[in-house]
Amino acid sequence: MKKLLNDPADLVAESLRGVERAHPELRVDHEQRILYRADAPVRGKVGLLSGGGSGHEPAHAGFIGPGMLDAVCAGEVFTSPVPDQMAEATKQIDGGAGVLHLVWNYTGDVMNFDMAAELAAAETDTTVEAVVMNDDVAVEDSLFTAGRRGTGAAIAVEKIVGAAAEQGRGLSELADLARRVNDASRSMGMALTSCTVPAKGSPTFDLPDDEIEIGIGIHGEPGRRRVPLASAHDIAGMLVDPILADRDFTGGEGVLVFVNGMGATPALELYLMYNEVAALLDKAGVVPVRTLVGPYVTSLDMAGCSVSITRLDDELLRLWDAPVATSALRWGM
Amino acid sequence: MADVDVLDLTVLDRWLRLFAASVAEQKDTLTALDAAIGDADHGANMHRGMTAVVEALDATPPADPAALFKQTGMVLVRSVGGASGPLYGTFFLRMAPATGGAGALEPETFAKALRAGVEGVVARGKAEPGDKTMLDALAPALDALDAALAAGESLAAALRQASTAADEGRDATTPLVARKGRASYLGERSADHQDPGATSAALLVGAAAAAVAGP
Amino acid sequence: MKKLLNDPADLVAESLRGVERAHPELRVDHEQRILYRADAPVRGKVGLLSGGGSGHEPAHAGFIGPGMLDAVCAGEVFTSPVPDQMAEATKQIDGGAGVLHLVWNYTGDVMNFDMAAELAAAETDTTVEAVVMNDDVAVEDSLFTAGRRGTGAAIAVEKIVGAAAEQGRGLSELADLARRVNDASRSMGMALTSCTVPAKGSPTFDLPDDEIEIGIGIHGEPGRRRVPLASAHDIAGMLVDPILADRDFTGGEGVLVFVNGMGATPALELYLMYNEVAALLDKAGVVPVRTLVGPYVTSLDMAGCSVSITRLDDELLRLWDAPVATSALRWGM
Amino acid sequence: MADVDVLDLTVLDRWLRLFAASVAEQKDTLTALDAAIGDADHGANMHRGMTAVVEALDATPPADPAALFKQTGMVLVRSVGGASGPLYGTFFLRMAPATGGAGALEPETFAKALRAGVEGVVARGKAEPGDKTMLDALAPALDALDAALAAGESLAAALRQASTAADEGRDATTPLVARKGRASYLGERSADHQDPGATSAALLVGAAAAAVAGP
């Protein structure tokens, strides 16, 4: 394992120290591993809380700031944070209008956020709502399973709901909006290589030089199937086709297309990939009106990418375009 | 030392420490199992949790079994995260009230508490036996324990049989296609792999058997 | 070689198509491989031109936009663009106030920009000045060699000069400013792994699992020395010490610290690295007042990082903080 | 076919095509040499450039040697980039005026033009012999050519000797510590590696010898 690292046990703690030093616009509770907008709670605004395991940087701390999240909880690498963290953060970001939990759909995250909501309800009078985000079409959507993973669409949900929260909208309206954006989003990912969890010290799975994994998540888990190494053109098809098969993305104002790097894939390749994705969308009559290309939801040092598509109506487009000032997404301010 | 036939604080404390020790020993195995069908952290998660549980036992020795279970559950919920944290945490938290405040647990009370714990896992995780989760080790273990106790077997013998049932349940997860937890994302590819949570759960039952067994 | 790629020969062309599709705020001349601000030339403003080989994304196209560059020329992977490109771009971005070439110090880049200036002088009446950026302390600064490489400091130069250009300052004043920022900057880099140039198809150099390269550039060239794999703490020392030995960074308003990812190193590790760097600076009495952490000047899929430090005075700080709207650096607009 | 003793368009065209062919053949070697002390693109660069040169010869056959050199230099400057593009480009651009407009070049005129080309490389790149660059193959080749022609040797023999000198100069770059170009960044580590540019330059001189040699 070759990484910029000291003791793997200290990785998350030390990285959070770096985030704190680099971003004076954040407040970091190292004890509890919570990162806040420095000015939280914002009076009268619904507080937005997300978070999850570490190893997905810039998710989640890169999305804290005006126009997006108020706080995130950081877990160990690929391990959901614990209810105490979430309950504490919920308390701290309640500006009097309640707190919305934006939960990435993983068994651990959902259960820990559930317990946090129970704790918060027992200990404070903060009103909490939770929305679970589950956009990954690699996984069958079924009531009898853990359901679909939450992946890239969370960026659209958090950005759009963040903008609406700045406008002063109420908790249940924001929860509805979050569900609407989630429903309007689908994602699919692939890996060229496994990642290496530092505590384990070796790759999570072995992948020969001439094979790739299709339908991966963001925790280094193997995908739905292993196929021979293919061209970017063919890979784009393997990602875009199942997305378009799952939902109609024509109409509306068009779509937001997000080509996400898994951590070790550089921008040169991601833009090449976007070219292929956009060509397929063209052919399908789907119109990209906004684009995001880069490593936003990573899986440690995995090489690969995922594609997320969100259908935008006029309102969602305006909220996406609204000012945002986080370390990973910033415009208009 | 002969087999014990009630579970007092000493025995329960030994149970948790034995479980912590076998988790520490099997950490890499648990993580390797999780790497195959999950995210390669189950060993680290359980080890972090059980280390904290033992530290808590040292720092604030509980006054009775209910306090011991509650403390253990709270520590697990607070320190583990992921899926296993809330699940194992809930397991112990639900055991506490089922002790009825006793200072030492009769075998039947212990079995009842374990069943309350497992019901907590089901309530929290919504899994059923056969979903390829820790339940696949826990549920058969409970059934075996109840059956053995009903048949008049000693606590030690009953927990030995429970442990065997847990091991069998763990092994039986191998061919299953996961329907809950992270392994479910793999669909058919989750078959032919032993479930990490069932593996740690079998260690938990095995530790109980060891804790009551004579030397 | 595992990459998101079609034919390696088409990599740069296809990636530029992706950039064009993703960034309507840019204009792309595919024939000549030049990327422009869509509104170039900006009347009355000095035009700022940079560029270089491909494989460093988001450098250079990620720095085009209001408050930074007007155009960049893209070469083949790791190969300087050619004079025709630069001459054409120079012509196109001349808003009547001349054009400043910001040249990364590599033999090829310097010679090609020189020839471009000769061409431009012969063909148009555009006034051209060129400033060569050379901040890499791994290389001895000598008149008898190719001198120091231009690496991370270019981001500071291009951002700061870009802000000053928006203010309407004149060509020679901007050239002086560029030299001042370059003089105030030093960098040093390291590699955990080699990169793989797609046309070659295998890693440029072999690096055992337990060794790293110290004093690398951004073209996959081996470094000054190979040392055993070390902790992030020790690596930070190997990067920061030579920088501080080369120049005094105490005083002024403080410094801009830039921890750059080489392409395959994720943000989690870069922030951990920044924590180590900042601790060393603290100890040396050097005060970071601005920070940039991320993959901004990459070397394809190399894992590793570089550290750049720029001493800021009051003016440079204000210019760094001034609004900028590029795809890779954006704030204030 | 006997050895030729003046360099007309046919011979010069053959020179460039032979050079292009040996670059194509040696592409991976040139890149491997550049990987060791540079950025692994010299083979691709030279191949791209010489392919374009041959295409230009096919598309617009030049009217005289000066036009051939000028066109070749322009094409290299336009298509190669990096260090080798301006250097090889300048080399050919500077050869053009030194032909004095002749339709076929006497050996001495060719030698003079080559020297003008090399002086262009020095002016553009500011390297000296011993800096571990293409000059280390070109400069000794020119000296050998001049000496052989002065000694009354045939053009073919003189270019054979120039080619041998270029090969020796190329080999002599191996122990050198680079002072110019990308290899200079490696400092002492650049020693013990043959310079890629000197290697392609030796191919250039070798192609000239082959172009004038009988079958």
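In order of appearance the chains are A, B, C and D, and numbering begins at 1 in each one.
Assume a residue touches a chain if its C-beta (ideal position, glycine included) is under 8 Å from a C-beta of that chain, and two chains touch if they have at least 3 such contacts.
Just so it is clear, the model here is predicted, and its values are computed rather than measured.
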Touch-connected components when chain A is not counted: B | C, D
item: Distance from chain D to chain B - Cα centre to Cα centre, in angstrom; value: 76
item: Between chain C and chain B, distance of the C-alpha-averaged centres to the nearest whole Å; value: 55
item: Euclidean distance of C-alpha centroids - chain A vs chain C, Å; value: 29
item: Residue list for chain A, restricted to those that touch at least two other chains; value: none
item: Multi-chain contact sites of chain D, meaning residues that touch two or more partners; value: none
item: Graph class of chain-chain contacts, one of line, ring, star, complete, other; value: line
item: Touching pairs among all chains present in the structure; value: A-B, A-C, C-D
item: Interfacial residue positions of chain B with respect to chain A in the complex; value: 31, 35-41, 44-45, 48, 77-87, 124-125, 179-182, 184-187, 189
item: Chain A residues touching chain B - in the complex, by the definition given at the top; value: 53, 75-84, 106-108, 111-112, 114-115, 138-140, 144-146, 149, 197, 199-200, 204-205, 217, 219-225
item: Chain A residues within the chain C interface of the complex; value: 2-6, 11, 14-19, 21-23, 54-55, 57-58, 62, 192-193, 209, 212, 229, 231-233, 235, 263-276, 278, 288, 291, 293, 295, 298, 300-301, 303-305, 325, 330-333
